[in-house]
Amino acid sequence: MTAAKRQFHADVFITLKRLVNDPEGIEIRNGLHNLGYDDVSEVRAGKYMQLQVEAANEDEALASVNEMCERLLCNTVIEEFRVSILEPQAT
Amino acid sequence: MKFGVVTFPGSNGDHDALSAVEYGLGEEVAPVWHKSTSVDGFDALLVPGGFSYGDYLRGGAIARFSPIMGAVAEFAAAGKPVLGICNGFQILTEAGLLPGTLMKNPSLSFVCDWVDVRVDSDRTPFTRGIDIGTVLRLPIAHGQGSYYIDTDGLDELKRNEQIIFTYTDRAGVETPESNPNGSVANIAGVSNGPGNVVGLMPHPERAFDAVLGGDDGLRLLGAVLGAATKEAITA
Amino acid sequence: MTITEQALREVALSRPEYDQIVELLGREPTPVELGMFGAMWSEHCGYKHSRPLLSKFPTESPRVLQGPGENAGVVDIGDGLGAAFKIESHNHPSAIEPYQGAATGVGGIVRDVFTMGARPVALLDSLHFGPQSSPRNRYLLSGVVGGIGGYGNCLGIPTVAGDIFFADSYSANPLVNAMCVGVVRHEMIMRARASGPGNLVVVVGADTGRDGIHGATFASVDNPEDSHRGVVQVGNPFLEKLLLEACLELLETDYVVAMQDLGAAGLTSSIVECASSGGVGIEIDIAKVSRREAAMNAYEVMLSESQERMLVIIREDGLDAVREIFDRWDLHSDVVGTVTDDGMVRILEDGEIVANVPATYYTDECPTYVRPSIENPDTIELRAFDPDVLQDLAHDELESALLELLRSHNVCSRERVTRTYDHTILSNTVVPPIAGDAAVIRIKGTGRGLAMKTDCNPRYVFLNPRKGGMHAVAEAARNVACTGATPVAMTNCLNFGNPEKPDVYFQLEQAVSGMADAARSLSTPIVSGNVSLYNETNGVPVLPTPVVGMIGVLEDVGRSCGMAASAGDELLLLGTQVATLGASEYLAVRHTTIAGDPPDIDPDFEGRLQELVIGLIEQGIVTGTHDTSEGGLLVSISEMLIAGGTGATIDLQALLEVNGGRLDRAAFGEAASRVVVSAPVGMADEIVAKARAADVPVVRLGQVEGPTLNVLGVSQMQVSELAGAWRGGLDD
Amino acid sequence: MTAAKRQFHADVFITLKRLVNDPEGIEIRNGLHNLGYDDVSEVRAGKYMQLQVEAANEDEALASVNEMCERLLCNTVIEEFRVSILEPQAT
């Protein structure tokens, strides 16, 4: 109500922790090899989410999305995440 | 004894759990809607299988924040019996009530089958009175059932006797072939530290009548009755 | 007339059809009306080519509670319960996006069933693909199977039966037919007939987006360049599950007048059909329909095929109660209009009329066509082929031929597919996939069971459409009978090519007439169905594929029968003894020939055989039953032995004699109306006596024993090897 | 064999096309709202893949990964993709 809020676009990248086995990545790599792409030595499969979020400023947007990741978007037992906030959009 | 079946939007094993208790065990049972905030009056809770919230994001990820989960956590903390089946197992791990997590099957596809499961501990209310080493035949039906825990966690599970069910062959020996989903150490089900909260991927509630291919599931669901009586006596 | 050919093409109407519309209305249609006519008069909704043929189907019996004309048919299954069921195609969407195409196909057929007030209890899928040697065809199969499992598993409805067939003609045009079976108390059967002027029209479920607005009926009202035609529909099984539960809960109240899902042609067809069949009008304002995207025009809203939406017509005084139920399930609903008494379907956009046409113009006035019908001379020639001119199989070739057949994609185990379907959910599954000729589920609260199966041998239909149509019905019924259930009714999906071609129309007409005759003799009326035409690739039609979905009732579910042979038993063949290689799998696999006349079939004899088998199962005289279909007798026997984990010693002498001494015909020839049974020792004499009494021929084949299949005097084969070939077939 | 190849790290982002229904995104957004994150107006769910690929240079790496997306990684009927090639890594 008080401070004017702006729209931010947040990109969230979720990947499996390094030590966790990634069958999906292995499957994709095998699929690529079958198609002849032998130059691919590794594939890791993850998730990508695009959020539209309102916040007073970029720091606030980042803090808020980080919290969403910790609480819901990411399973921190096996996954890790990275958030990047893109240019604010006109509201 | 009164069972509660905690039902989320997208749960689909709730009907089976209700039937198994009502017709299989002949005990009192009622659904508990996820928007409710109380589990008063129940002696044991079943968190059934299904696709709560469509399994979007990850199985159990959204359901664990449902209003009812606070009451479930309190119920568990009070040492009362809670059994998470399949998606219910996922929900309990997401909620931190059980250790480890469940990942996509390495085959990347859903698997529906009957498997042999060995009972490894009788310290939980759902296995009390069942001889350790007993092999039960139970259905599985899941796409995200590969139990994962890091090595330290696994050691701790072993130390505390928290591995409750293991996928084995008919003879009770764990083999790579008898592991349907790449679970660490063939683990099919675990408990929390005290042992009153148990989760497993196989479906005891679908195995309550010989005409369906087996009724071994009733032994697990029924064990809690004996457990309750025992506690009442010792209390 | 100002309308251009281009505009007509976009709504898939012909010039005479357009003229007819103008004459009906006494004016030119508005753009929205034109689009609605295009959709309602399309083949898909209007059944222009098939309606006259479908009238041949028998649709009545004392069991039929609801025949064709509603979202699903319903038959009485005792104890005050009915089985509601229907099959539907999602061929074209699956060809474009196999996973979502198949998934939304399941979603659609499930809505058809719960719309009737029935709780869905089982799914079946009938799939037809091109050869798996092609990566594209493998991709299509795995995508479709993934989509069916993905949607059905999430809904918690077991997928318990189906069929899969491979042939070249399905390469670019796979057939994906899904069937759903539900159970409903008689007094709860709901219909899609609006009534009571003043009642409210509610749309509930997903927001409306631009998905699935079909190219053929997309009249770009505003801006032809900015057409969003063909946005692929992505299903949300979670939302469907909420809809299912909420709608069933809603039907327990007194407030619901009618219910209709939004399927093909979206709001248009659901509103038009509800109004037309109820003999009332409906007025809606599409501004009240929640959108997923901004700036959708009236046309797009009326024709969107966004999934997981339902139309519910409720009494005005029930609105609060209805809202409460939807809220409880977190479902969004909009009151979009009311029932009127003037018979008009009136569409407003922010209060302004954009379409206003009597409902019956869209439905009853839809033209029908009877096309010229001529059999393709090539087919006549192929049918005339006599397979007996081929060299017979040598004794030492029997094993390799059997292995080849067991491995063949049309014969081998479907377990790789069925493992990915949840078939134990709901705790009703008594005979799961693979274990028997049909699936059996118990009907909770009763001692009864329901058996079900889809079937069709498209090769038979191709080579002899009339006979093939009869076979499809007979085989589906026989499969049901082999579990011990009495077949009671069927649904069907007619998958054919372009009916404007005389030879395709001939196939359609003949197949339908064969199906009708067989259904009549077997007393299995047709209570629902679906037609999918124009299944062609580069002008080549798919094999004519009239899929039959049969259901049967088992009085005592504890007495159901699977196909496993038990060691110590005796094997007997009941029914037809003379087999033919015409149109057979053997001919296709060993001689790469698709020719010859398919086996003869006498539906009356088929009925006697089925009755006999049902009786034997009921009396507990047989422990395993399996009909013989693709691949013939030795394939059936092998499958029974694989299921039982045992071997057998078989004497084919009697069969060789009646099959011109030919080993290939005796072992792998195909025939209608034959079932192999496994019977405990001591029962065989009784079976022979009962067969004689029923006027059904019987042959004692031999003993179930040991680890090998020993065909006396011909070949001895390890069952474990046969099992390996059969189980691994789909992996190659 | 001939030209020396280097290791590149490729990030692949796959999202549903704009007009395609995204039930997962919708349910994640609803989940965030239930947790009180009302400032999130939209979520789109996608996939993220990390590939290790050998190529002579960045352009070649990009072309090759683009092709993999077209052929296997992305279902172009409903999805679209974006590839970004990161700094070459020491082989």
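Labels A, B, C and D are assigned to the chains in the order they are written; within every chain, residues are numbered from 1.
Everything that follows uses one rule, which is that a residue touches a chain if its C-beta (ideal position, glycine included) is under 8 Å from a C-beta of that chain, and two chains touch if they have at least 3 such contacts.
It should be emphasised that the depicted structure is a prediction, and the values quoted were computed from it without experimental measurement.
Counting C-beta pairs in contact, which comes out ahead: A-B or B-C?
Top pair by contacting C-beta pairs is B-C.
Using Cα averages as centroids, what's the distance between chain B and chain D in whole Å?
The mean C-alpha positions of chain B and chain D differ by 36 Å.
Mind checking the centre-to-centre distance between chain A and chain B? Centres are C-alpha means, answer in whole Å.
31
With centres defined as the mean C-alpha position, give me the chain A-chain D separation in Å.
The computed centroid separation for chain A versus chain D comes out at 10 Å.
Touching at least two other chains at once: which residues of chain B meet that condition?
Where chain B meets two or more other chains at a single residue, that happens at 53-54, 56-57, 61-62, 65.
Could you tell me which residues belong to chain C and also touch two or more other chains?
Only 236, 238-239, 330 qualify.
At least two partner chains per residue is the criterion; list those residues in chain A.
Residues 72-73.
So which chains end up touching which?
The list of touching pairs comes to A-B, A-D, B-C, B-D, C-D.
Under the stated contact criterion, what part of chain B meets chain A in this complex?
Residues 57-58, 61-62, 65, 93-94, 100-101, 103-108, 148, 150, 182 of chain B touch chain A in their complex.
Show which residues of chain A lie in contact with chain D when the two form their complex.
Chain A reaches chain D through residues 5, 7, 13-15, 25, 28, 31-32, 35, 37, 39-55, 64, 68, 71-73.
Under the touch definition given earlier, write down the residues of chain A that touch chain B in their complex.
These residues of chain A touch chain B: 19-21, 23-24, 27, 72-73, 75, 77-78.
Please output the residues of chain D touching chain B within their complex, sorted ascending.
Interface residues on the chain D side: 23-24, 27-28, 30-31, 34-35, 45.
Which bits of chain C are touching chain D when the two form their complex?
Its residues touching chain D are 96-97, 100, 206, 209-211, 228, 231-236, 238-239, 292-293, 306-307, 330.
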